[in-house]
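The following pair of complexes shares a single chain, chain A, combined with chain B in the former and chain C in the latter.
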Partner chain A sequence: MVATETVNRRGAKWFAALRTPVGGFAASLLLVVIALAVLAPILWHDKAFEIDTEAIAQRPSAAHWLGTDALGHDILFRVLVATRLSVLLAVLATVIGVVTGLVLGTLPSLLPRPAARLVTSAVNIAVAFPGLLLVLFCSVIFGVGTYGAVLAVGFALAPAFARLAQTLSASVAGQDFVSAARISGVGRIRLLVRHILPNVGEPLVVNATIGAGASLLAFSGLSFLGIGVQAPDYDWGRLLGEGLDGIYVNPAAALAPGVAVVLAGLAFNLVGETVAGVIGVRAGVRKLAPRPASPARESSGRADDVVLVVENLQVAFPSQAGLTVPVRGVSFTVRAGEAIGVVGESGSGKSLTGLAVSRLVEAPAAVTADRLEFAGKPLLTTPERDLRGLLGTSLAMVFQDPMTSFNPTRRIGRQLAEVAEQHQGLPRAKAFERAVDRLRTVRIPAAERRARQYPHEFSGGMRQRAMIGMGLMGDPKLIIADEPTTALDVTVQRQLLRLLARTRTERDTAIILISHDIAVVSQTCERMLVMYAGRVVEDLPSAGTPRHPYTKALLAATLDLGTDRDAPLAVIPGRPPEPDRVPTGCAFADRCPAVTDRCRLEDPVLECVEPGHRVACWHPSETSFSPSAKKTVTAGGAE
Partner chain B sequence: MTDLVFDAVSVRYGGRRGLTAVDRVGLTVSSGQVVGLVGESGSGKSTLARAAVGLSPVSAGRVLLGGVDVRKLRRRPPLQMVFQDPYSSLDPRMSIGESITEAIPRGVFSGRAARREEVARLLELVNLDPGRAGHLPGRLSGGQRQRVALARALAGRPEVLIADEITSALDVSVQGAVLNLVRDVQRRLGLSMLFISHNLAVIRYLSDIVAVMYLGRIVEVGPAEQVLTDPQHPYTRDLLAAAPSAHTSLFDTRADGATADAEPADPHHPPAGCRYHTRCPVGPLVRADREICLQVDPTEDAAHRRHSAACHFSEDESRRLTIPGGASTP
Partner chain C sequence: MAVEVAPAGWRGSPWLSFAVRRFGRFAVSLWVLITTAFLMIQLIPGDPVRAALGLTAPVELVNARRAALGLDDPLWLQYVHYLGGLITGDFGTSMNSGQPVAEVIGDRLPATLQLALPAFAVVIAVAIPLGLLFAVLTRGGRRRGGELAFTSTTVLLAAVPEFLLAVALVAFFAVQLGWFPVAGSEGAGSLVLPVIALALGPASVLARIVRVETLSVLGNDFIRTARAKRLPARLVYLRHALPNALTATLTMGGLMLTGMVAGTVLVENVFAWPGLGSTIAQSILQKDYPLVQGIVLVYGIGVLLVNLTVDVLLAVLDPRSTIREN
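After this line comes the complex of A and B, so read on.
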């Protein structure tokens, strides 16, 4: 049942692509071309060869809509009938090109290394030549005539495909599943056929379709030059060549085959584009109707030291089934100098919350909130132009992947200095001086020298520190660090967490630390928000006792150096709900040991259980943790 | 039965200015034992594992499986590996049943039905519904994919299993289930296992022997409980102290000012003498009299020291630290 669902979804995707203007046009054009290629010779073969001796080299008339050629053939019929040969030869040449290219491109992964190098270099050299030159070169070798030209165009296409196939298969061959297959003794040829080719097929098909358009053009060119199709056969290129002789008498004779070539080429190319759109990442983006954002309430009763106020934050994405809401009503406040940890598993919405706060969630996602204020400014209603300065100097972000957070082509110091130049209007030299100073602040050794280095010369930990340094170029009130240490080792992780803590005490900067590691968060922050399925389920002091069953389960599942080695590890059965299928009641109900009927019907709201401790649970622990309810623990899925 | 022995294995990439990722490493995974290999990224632990299965080139030394060089073994040695990334370790175009079937040695099961039965048995072994054999990996969660990867490795009837960071891409709640499963399967099948992780807590939970790797060398190896409660090498102590735990403070009392922000050394130009001296809190950076660390490589006579620690002063230091170093078990 689910399999057909997948098929349907894929079918729907193709159908949607057909309904776009480009897709529809491409498909109908291709249909016309194919229909002509099949039917025209059957229907009009005789008419195309009929010699009308009364009308030789005439202009268009009622009898001959596009005129006649030097022998009295009707040009319209000849153009229509020529469709089959032109398209057939182009497709044939493409097939030759693709197959040769595939063989050349995949040989290096089969051959021993020296031979593989030789093939690769040969392909590289061939790629360097202009295509048309290769065609002419090949047609000299294979001789003038239809077959020679097919081979010439085919082999001229091959190097580009070889290169493409080589690059694509190299990237697939680097994946673990290929390594795993090799370890289990799968031979090279089987590896290629079973694992590599199926995974590079889609982009190759797209390129082959576009390549067919190119070879149609190339072939027409050859015939036009007289080294392609020879009389008495004719294709569009030859018709074009013949028509050109009499262009002053009958322009239509040259224009008609020309238009035919263009239209058929267009059909191939556009179909390729459409296919690429469907199977690639370029899926159509549906616009989301913006929901009326409730106007931010006047910031009344705001304490002076509040940096960030978030009330009922929602982030929604358009999806096939309407809306997916990965963040469903998150509320919290951050005060100056406070460190807050946001904990949750992947898919809990913790990163999106951080991105939404820093206005980094892009369309088609929609961010709504009853109140979202940073440093007293409503973030959702203030125009972006006015916010840029504020966010640029007062808010710093540190992301998970230190490899991608800097521009690899520019020196670290300059990238930092740019912030000061942009937002504080400092001159170049002054800005650079400040950059060096900030790098020193984040404890980059030999900051002066390091500032002149490129990101790749920095280690992962240093890059993260430089990222914090970049945040310090302004006067940050808040640093949002999204899994800043996940890619780092424990010793470097400790360095970075210490740096964050130090920055906080020295500058009174508030910190939001987003992490999946509850130990890291409780080490660094005094308060943590535990997120589950897009909601904050518990907001508690790090030193406090968790009362939500999920927080407790998460804590129990966390391994540390004190875990009992002889007992099996605690696990949370089941898995979180998909963001587009969140149940009506409590999202954790299916995995909860204390679940009751009420949990499945009503979603609990985040309520204060004691000062500074909020829990969203109908049965927070220490009250109704009946042992009989525990039996349901094992009722989860495989996970 | 089958021991996996790394005999002075070196792995070198590139030419003269290349990189020695693994430098004369000796390590034994005895039959039925779990050896945990811990170290920071870039220390060469994955490279060492990949050398065993022929995925990285051994430039010196040998990897022996049951006394035979793995390079001379037949095509399917009884050695399998599970990888880190559950999203790239399964072919997205092959059903999980096909992926597992492919790893079953040819000739062991004749006939489609027998193979299908074996796949079902393996899926059950890793607590997955055998009815899922026809599913594509795209419909499985990360934890489920790791189970499939484990089932595929077990399909090759291995005697030695290498697990390379198999839980580091998983959520905490899933990690526990996978570790329980790995331990259960290892014990039930009596597998020898090389378990690689950067997470000491995970290593501690699973391993009988712990080996600590730094910059291409093994700096300390010994029984798990001993290494973790009485570490001999300063790097091991540092790893233990840095392990995040809700019970320890971010700023511990021990003064480590001079080395707190030290950078890992450049693996292209490993430091002379002791490779750890650029970061060592008990080395020449802190104590000027310890010049020997700058000149003499402590791995030369490591075999004589406790836990084969590659540290000139391991005995002095562990005597000095009356409290067992790092995070002791609370």
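After this line comes the complex of A and C, so read on.
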């Protein structure tokens, strides 16, 4: 039932892995090796022992394709026949290693605590030593010769497998079904045999396959040193050692067994690796196709104090479906000292718009726009080198997650100072001084000391303020803050917004505040852009009355102290469309209470309804958000 | 360095506690290593002296040798003598030559280091720039062809064990072309082939690790921050990506670098290099156990020192790691 099904699925996974080019190659190579191991001694045993007294230690010839050794044996046949012993010994050693490792690795879960700790730490110490040293150590104990070498290689593999079994069973043991079995009183051994081992089996087999490749190499190393297989028996390692003695006469005698070892080792290794790696199959990337511009554009205002002009901005990613366009024609302008909020649900394209505007979107994504100008400079046509100074000093970014936005290996002060060193040519010490000053500006206490600390020594709110401080190192005309307060608690959030507002009034810096929280935006900004499915659907003054049904829904979904706590929580039913599946017509149509046939056929254009207020809706004034919809609770609501 | 980095005491001194903890672990591992080396001779089935001297050796000689080695003493006394000997630099006496083991090691160790250290340097000098370069070139799915070439070359080179590579190098560059000596340790030219044989495999593995680690670091938020500062690409990669990639690289690469210590054994045998590696192989064959014991100890200490160095470097490179361990 369930078990067989799982086995089938696993079988299918192995099969799928072996059908990839590399997997197929590896599997066929392994088949050849196994076939040779079985057949070669039957077919060519006599020829390999035949002594040709006419040709002793000769170079390759028609009679002996790879030449002969010092006794007149044919090298080619000896290499072929040696396949069986070489592979057999490697597999034997691997089996010993896996079994011993499994015992050592699962023992800690059965033993009382002190004994378990002893086993675990012994394994940990042994793992730190390279395999070959363990092999040499073991072969001293087990003695020189074939059996000693098998035991030595096997036991040398054991610690690695013990560690693997430990890690695997620890991860399985933490899962719910094991806890459930434990709680229901299943004994330790039964737990191990019935629940843990079957689940670690697959990775163990994969690693054993890789391990067989490793022990093949280790074994040939031992035989090469003369510690492994002894005459008159021979494996590849021994042939190699003998061949090396006569390398001046016949290099092929040393190279042929070497190639055999590498190929056989590779066969085991690759089969294991391809199966191991089959989970991470990557999707292919299609070519980018040009996309026609959409007509939504804003009536541009005066040009004198304009900081940023964006017209018909698009961002496209190559995807499995061909092309995904998460930002589909966004237009707006920002004036000096203006604070604009960009709101929308996650996936509406607001963050990507911020990144595209600041030229931080990297290939393979493609940014296009009819116009994209910052401080009078066209951003898409000017080469990056010429923009670096301008953007580095005049455009500041504040990102969402303060915990990850600083480099953990550099001191905060140095990370700030970089800006001044790079763009304003300040020497190290002066730049650091300025960094300390800016940290003080953003109210970091004991700035001098703090500047010498690493990010992990800062709290989240302090890091976010330091990030703003980093933006103030230059003379910013625009700060783009992408969800700067989302990761912070409410009091810290308020401090941060106040800091942004102060910066704005003191330096006449424009601010773009990207947020999913319409309440935060309406408090901080005088104008907001509401984005939905990669478009601006409404551009309105924060104090104005919203016209678009989506904006109204967003507002209805916010809570404040006046919210009626007995009424059901307001949410917007449905989910926004996926960026690669945006419908024709209005993207909001499916969730809109006022939807008509026209909405499903024609995409509304962003148009002025009154000065300073633009809406993209076919029914901008007639709609109201229906209260009945509020009852539906879905995951897609505005957070 | 360590003192300067410590923050002004508001969390105790993470550096001191790190040092105490790490050196404690080193001491425990060293003790385990010494004890294991001591027990090795006890674990050999039968009489090691009889095994070494052969079946035909007279009983009196065997008994005399046993007495000289102290093998007839109770185990604990042998252990005490062994530890005491180590402290005074006495590693025992070779059964075959009668030479003190410490003297043999003193003779042979420099030759092994002469191979291992340059190989180590080559690995670092090749792998880190190469891995970083290919990470930058192939980031975000760019240059699939370059990625394929890099990955398949490094996989292939890493799959060839060092002693086979050594044989191939000898066959081609020494026998066919005659550019370098086939074996021996005469002159700088004799270093070239063994060092390449030792370094190529580990360099390939490390370059791959560096690339993968760098790629994952490049996806981090702080790289976006660095780009938002409009630093030149060179600084973004060298100053912000590389140090963070190195911490993970070191953790994984440490184990591989200790493997190079062992790799010298086989490579020395291919080139008849007069180092510890060819000595240990001979002494295992000749059942010269005190000598084997001494050399195993030296290799083991080498591995422990590499691990220690890696951990200390990690702590310097990534200040969080000292705290994370608590």
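Everything that follows uses one rule, which is that the second predicted complex is superposed on the first by the 378 of 639 C-alpha atoms of A that agree within 3 Å, B and C clash if a C-alpha of one lies under 4 Å from a C-alpha of the other, contacts with A are read in each partner's own complex, and residues count from 1 in each chain.
Quick note on the criterion: contacts are C-beta pairs under 8 Å (C-beta built on N, C-alpha and C of every residue); 3 or more make two chains touch, one makes a residue touch a chain.
Since the model is a prediction, treat every value here as computed from it, not as a measurement.
Trainee: Once the structures are superposed on A, label A:Ala363 by its partner contacts, choosing first (chain B), second (chain C), both or neither.
Mentor: In the superposition, A:Ala363 contacts chain C only.
Trainee: I'd like to know which partner A:Tyr454 touches here: chain B for first, chain C for second, both or neither.
Mentor: second
Trainee: Which of the two partners, first being chain B and second being chain C, lies in contact with A:Ile412: first, second, both, or neither?
Mentor: Touch partners of A:Ile412: none, neither chain B nor chain C.
Trainee: Based on the superposed arrangement, let me know which partner A:Val520 touches: chain B (first), chain C (second), both, or neither?
Mentor: A:Val520: touches chain B, not chain C.
Trainee: In the overlay, answer first, second, both or neither for which of chain B and chain C A:Gly221 touches.
Mentor: Only chain C; A:Gly221 stays clear of chain B.
Trainee: Could you tell me if A:Leu104 is touching chain B, chain C, both of them or neither one (first, second, both, neither)?
Mentor: Neither partner.
Trainee: Classify the contacts of A:Ser139 with the two partner chains as first (chain B alone), second (chain C alone), both, or neither.
Mentor: second
Trainee: On the A-aligned overlay, A:Leu240 touches which partner chain: chain B = first, chain C = second, or both, or neither?
Mentor: In the superposition, A:Leu240 contacts chain C only.
Trainee: Which residues of chain A are in contact with chain B in one complex and with chain C in the other?
Mentor: none
Trainee: Mind pulling up the chain C residues that touch chain A in the complex?
Mentor: 7-8, 29, 32-33, 36, 40, 43-45, 51, 140-142, 159-161, 163-164, 167-168, 170-171, 175-176, 182, 220-222, 224-232, 235, 239-240, 243-244, 247, 255, 258-259, 261-263, 265-266, 269-270, 280-281, 284-285, 287, 289, 292, 296, 299-300, 303-304, 307, 317-320, 323
Trainee: Quick check on the complex: what are the chain B residues that touch chain A?
Mentor: Its residues touching chain A are 40-41, 50, 53-55, 75-76, 79-81, 83-85, 88-94, 99, 102-103, 105, 127-129, 139, 141, 143-144, 147, 149, 152-153, 155-156, 171-177, 179-180, 183, 198-202, 204-205, 228, 238-251, 260-261, 263-264, 327, 329-330.
Trainee: Spell out the part of chain A that touches chain B in their complex, as residue ranges.
Mentor: 2, 175-177, 179-186, 194-195, 198-199, 345-346, 443, 445, 459-462, 489-495, 497-498, 501, 516-520, 522-524, 542, 553-555, 557-563, 565, 568-572, 575, 638-639
Trainee: If we count contacts the way the header does, which residues on chain A are in touch with chain C in the complex?
Mentor: Residue list for chain A touching chain C: 122, 125, 128-133, 136-137, 139-141, 143-144, 217, 220-221, 224-227, 240, 243-244, 247-248, 251, 254-255, 258, 261-262, 265-266, 269, 285, 358, 360, 362-364, 387-389, 391-392, 396-397, 399, 401, 404-410, 415, 418-419, 422-423, 449, 453-454, 456-457, 467, 470.
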